[in-house]
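Across the two complexes that follow, chain A remains constant while its partner is chain B and subsequently chain C.
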Partner chain A sequence: MTTVKIDVHHLTRVEGHGDIVIDVQNGEIKTCRFEVVEAPRFFEAFVRGRSYLELSHITSRICGICSVGHATASLRATENALGVEPSEQTVLLRKLNFHGELIDSHVLHTYYLVAPDFLGVGSVIPLIETHREVVERALRIKKLSGDLCAMIGGRHTHPVALTVGGFTHFPTEQELRDMQQRLIDARADMDVTVALFATLPWPEFERETEYVSLHKDDEYAFIDGTIVTSDGFSYPISEYRKVTNEWCVPFSTAKWTKHNRDAYMVGAMARMNNNFDQLHPRAKEAAAKLGLKPLMTNSYLNSAAQVVEMVHCIEDGIEICDRLLTRGIQPEKPVEPATLSGEGAGSCDVPRGILFHNYVYEDGICVRANCIIPTNQNWANVNADMQALLPQIIDKPQDEIRLAMEMLVRAYDPCISCSTHLLNVTFV
Partner chain B sequence: MSHNGKLKLGLYWAASCGGCDIAIVELREKILDLDAAAEILFWPCAMDFKIKDVEAMPDGHLDVCLFNGAIRSTENEHMAHLLRQKAQVLVAFGSCAHEGCIPGLANLFDRQSIFERVYLETPSTDNPAGVLPQLSTLMPEGEIVIPQLYNTVKTLAQVEDVDYFVPGCPPQAPQIWAVVEAILGGALPPKGSVVGANEKTVCDECPHRREEKRIRRFYRPHEIIPEPGRCLFDQGIICAGPATRGGCGALCPSVGMPCRGCYGPPPNVIDQGAALLSAVASVVDADTEEEAARIVGEIVDPIGTFYRFSLPSSLLHRVKRIENL
Partner chain C sequence: MSKPKVAFFDFASCEGCQLTVVDALQTHLDLLDAVEIVQFREAMTEKGEDYAVAFIEGSCTRPSDEARLFKIREQAAVVVALGACAHLGGVNALKNLHPLEDVRQWVYGDKAEWYETYEARPIDAVIQVDAVIPGCPIDREEFVRVVKALLLGKKPPVPDYPLCVECKLKENVCLFHLGKFCLGPVTRAGCGAICPTHGDGCEGCRGLIPHPNENAMKDVLAEAGLTVEEAVARFTMFNTYQVKDRMVEEEAK
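After this line comes the complex of A and B, so read on.
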């Protein structure tokens, strides 16, 4: 009879702190769980009392990896609350900035955190010796995405030039042109990236769940749109609570979410499952090379879906530069609020999945706030996946089980540092 | 130094957003140089090492540990003590470890009210039974213990002896590299120094033209388009530049946003918020005290403005509830 005890205390190579706990006694699974171990930071409580102009700057600190995504969702929530309609130029610039962050985050996850698993090493560092060209390619893409974010947001992490109703700083035409050329040049690196990830032996594992994302008919949605699920539901962003249904358990302070089933999944794979038609043609080609098409039900493939999204964002980024250059870019005064009191919700589908901010303002001061991050929404699904996978691999050596589980959790790209709703958990 | 002559480096994050780790990754191609000069022995965000590997290290095994994130729970504090023991040089890296940063604004509230807000009142939470996290819960496999959450966000130096401070939310890559070079070259200043910044203020690095400030009203950023090239403060937008240590290259004012003070107070200033408040008070152009009070009174959310990044390290430490005073 099988007896396995695994306690991966502090899973590494995820952006945050998490534990995997597995306990099998005589073939019977006693415990199989992923626990989040993160110091809580409780942004919702202390944004109360802050001015509406500061909310995006404060909430970007929820996560240093998705700071543009948090800032953008925060701005959309504030703008919806205060009756602000951003201009076309603002919308285009925000999208471009968002694409920069998505590429940045996905290259970090796929190259720095996931690829080492497949190349049989514990981190990206040994690859500097053994696979220097891989590391250098990753660094090139990273530099491009970081520079793109800085060009628009004023700096790479925690953008400063984004504000309610617009921007306080604008790239010049020349900067846009140079950036567009660099995006075009990056196609070569992306081709090699797709080819590389197409050769990786993705673990086999199927478990269908409900996939939740934003959706727009006319573009691959990252900012605004409607909330859709693969089970056929659709809601306006203001009704996000119908999807998230957060609930609490006494042994953890991570809030869990569920919708039509016991769990749902968000992130690159969920977006691709729901919005495949809206992908750029070149991204669809990349998907074909990686063998991806809806409905994907192998959670390990979330990392492969991220590669496809990088291709999409590079291509769409080139087109956005075109539109900005054609219509001309000029400094604009941010749109002023129509009112200083009201409630609004905003949503972005950030690298790790759909994210919601919801604020109530009185006289320009935030009096109530709610933020729901992607990792929390994936939490129940990570656990369901682990419980489905464990019986299939239970007879393998312990180290293989450990690696399979770690890779599964890492595939979700869990950004545990977005800990608005999380608390430390350890076992005795 | 290790046998191969490389510097032995550890990187850790406590209560943080991950931005400080990303800042290290932002060294980009310099990461290759870092790898050539230093052996990274511990970096949970990017490498497979477990806490027990650190526990097994002899004391002082790490030459340098860059510690980011604030101290929010018993576990954060435990790691701070452990890494102090294992590292010859402990560096508070980034605004959270240095001064508490934005998450330190939680010190405006206490633990109970935060818990109630997050677990009971948030509109999306369905929690009719009023389930709050418990320090200990009995589960089939045994007792699960949640580390204690402190009532106050603390800086690293408030729980451990710190050798150096690197400011910034996040620290900017060229400054990080300068610190790495100083460490490698053995050129570190006296213990307790702020490194990776300079001895001036953000104003000294700011490209904007400054004149004699006389302010009759303060604006919010959307209320005016600041005149390009002119000091934002001169134009009535509160900018923390005069009360903030230089080093970032005046990133924010350069893109039309006022500095919010993430590099902490300048040399010889303990309380950044007080310094900014006095900068504000000294430029108000009012004939009477009432008028001065009115102009300053128009400032929205003064605590959040003056202590955006430095509340936990400030003289206030935290807002004391009246009944506790």
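After this line comes the complex of A and C, so read on.
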């Protein structure tokens, strides 16, 4: 009978610390799960007592990869709490900044973290020798997206210029023009990227689940909108708790989430499943080349869906630049709050999936905060996938099982620092 | 000469500084010709334990972190604190402003005792640190400068003058003149005054300069109608570990 013992201590090429633990004795699966061992950070507790103007700057520090996403969700929560309606220009600039971060995060994940698995190496570094062209292309796309973020927010990680009601700094018309040209030039790199990822032998594995994302009728939703699920549910952002329903699992103290089933999935694949119609035509072409169409139920394909979203964001970014250049870009004073007390929720569909921030303010001071992170919402589904996959591959050599499991967890692009802004697993 | 072996480690942090290191490769891919990275969990599978230089991101926030830090210190000839969390305690130390029990209860409710945590602290509160790269996040170019200096066996050039120097060189209008608040006069330069340049007051993420001119700062604050207490409170975003005692003193006055 099969006996497998795998303990991947501190899974690599993911953001944060987590362990894969598998224990099979005489063909019986005793344990098969992903455990989070990151240090807890207590953001919700320590933002109490801080000014509404500081919240987006503090909470962007939850995550170095999706700091623009955290800042934007934070600003939307504060603005909803304090009655602030941002201007059209602010909305456009935030979207453009957001696209920059999404491209940056997706290129990091697909090229630096996922591709090495397919090429049989431990990191992107050996690829500099063997696949220099591929690495240089990844670096080019990454530099472009980082520069795009810096043009709007001042720098990519932990943006400076994003503030409640608007911005404290604005790109010039010339900067926008140059950036638009660079986005247009990046199409060639994206074409090659799509072609490259279309050749990768994605592991076969199907397990349908509930897919949760933001939705807007008139655009592929990343900021604001309504919460929708592939099981046909829909909620306003203020009712996010009806979706997240945090719950505890007996073997760890990490809170998980569930909605209509025992688990749901968020992220690029969930967004594409729910919002395929709103993708840019060129992104739909890319999806066709990658063989992706709803309903996708192979979680490994989340990384391929990220490639499609990169194409979308480059195309939509070009169009946003057009709109900004046509209407003209003006320094604007941030919109002042209508009140300094109130409660508000904000949501963005960040690179790893739907994110919620929710604050209560009294006289401009935060008295209560809640942030629900995409990676937390995925934990239950990651574990359900692992448990569904293990019996299918249990007779393979242990190294192959380990790699298949590592690749599965990595496909979710987990952001463990994010997920432990609040939660941690203690071994019991 | 064989290439120095380098390893990256992370404690409580957002890992944004390590990402900035990855980003530095966009323009300095040749760095990889000068050093051999033997451990960098965020980016590679290999885990070498034979390293001479350790870059550490993140704060020490629980007793069990200390053993890991001691082990790194034992192995590495040079330990570099990477970014505000490691250098100062950073935003992690904001929790130190609240009673620890309250923080744990607030987040974990009746499971509070399951979670190991103590006051967040910079790395040099636990082990000796040989060099720092300040900032939240670190500045990409400064990282490259520090690595170059270390490779040449020199002390890394981290400025000890205030941010105002760099801000003036940028020809920015002083934010105090625009009615905004800024910690530039007492904060260590080196970031090119990135926040004031983008219209936002310095939040002190690079730490206090060694000998801040407190009287001049008081004058600036008085002109802007602010008190020392308010300024110190603003400094807590990244420097709670450093200013907490001062706050207690001010409160006692």
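Operating definition for what follows: the second predicted complex is superposed on the first by the 413 of 428 C-alpha atoms of A that agree within 3 Å, B and C clash if a C-alpha of one lies under 4 Å from a C-alpha of the other, contacts with A are read in each partner's own complex, and residues count from 1 in each chain.
The rule is short, and it goes like this: a contact is a pair of C-beta atoms (placed from the backbone, for glycine too) under 8 Å apart; a residue touches a chain by one contact, two chains touch by 3 or more.
Just so it is clear, the structure is predicted and the values come from calculations on it, not from any experiment.
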item: Combined model on chain A: chain C and chain B, fit or clash; value: clash
item: Chain B versus chain C as contact partner of A:Ile65, first or second or both or neither; value: both
item: Which of chain B and chain C A:Asp23 touches, first, second, both or neither; value: first
item: First (chain B), second (chain C), both or neither touched by A:Phe46; value: both
item: Partner chain(s) touched by A:Leu148 [first = chain B, second = chain C, both, neither]; value: neither
item: Touched partner set for A:Thr31, first chain B, second chain C, both or neither; value: first
item: A:Gly165 touches, of chain B and chain C: first, second, both or neither?; value: first
item: Partner contacting more residues of chain A (chain B vs chain C); value: B
item: Chain B versus chain C as contact partner of A:Ile125, first or second or both or neither; value: both
item: Which superposed partner A:Ala81 touches (first chain B, second chain C, both, neither); value: neither
item: Overlap of the chain B and chain C footprints on chain A, listed as residue numbers; value: 10, 12-17, 38-42, 44-46, 48-50, 54, 57-58, 61-65, 67, 108, 112-113, 122-125, 128, 139, 142-143, 146, 154-158, 160-161, 163, 168-169, 253, 417, 424, 426, 428
item: Touch list for chain B against partner chain A, complex; value: 13-23, 25-26, 28-29, 31-32, 35, 40, 43-52, 69-70, 72-76, 101-103, 105-106, 108-109, 113-114, 117-119, 121-127, 131-134, 137, 139-147, 149, 169-170, 172, 220-223, 225-226, 251-252, 254-257, 260, 300-301, 303-304, 308
item: Chain C partner contacts - residues on chain A that touch it in the complex; value: 10, 12-17, 38-42, 44-50, 54, 57-58, 61-65, 67, 108, 112-113, 116, 122-125, 128, 139, 142-143, 146, 153-158, 160-161, 163, 167-169, 253, 417, 422, 424, 426, 428
item: Complex contacts: residues of chain A adjacent to chain B; value: 8-10, 12-17, 23, 30-31, 37-46, 48-51, 53-54, 57-58, 61-65, 67, 108, 112-113, 122-125, 128, 135-136, 139, 142-143, 146, 154-158, 160-161, 163-165, 168-169, 240-241, 244-253, 255, 331, 333-337, 356, 358, 364-365, 368, 370, 372, 415, 417-418, 420-421, 423-428
item: Chain A partner contacts - residues on chain C that touch it in the complex; value: 10-20, 22-23, 25-27, 29, 32, 37, 40-47, 58, 61-62, 65, 90-92, 94-95, 97-98, 102-104, 106-108, 111, 114-117, 136-137, 194-195, 197-200, 203, 237
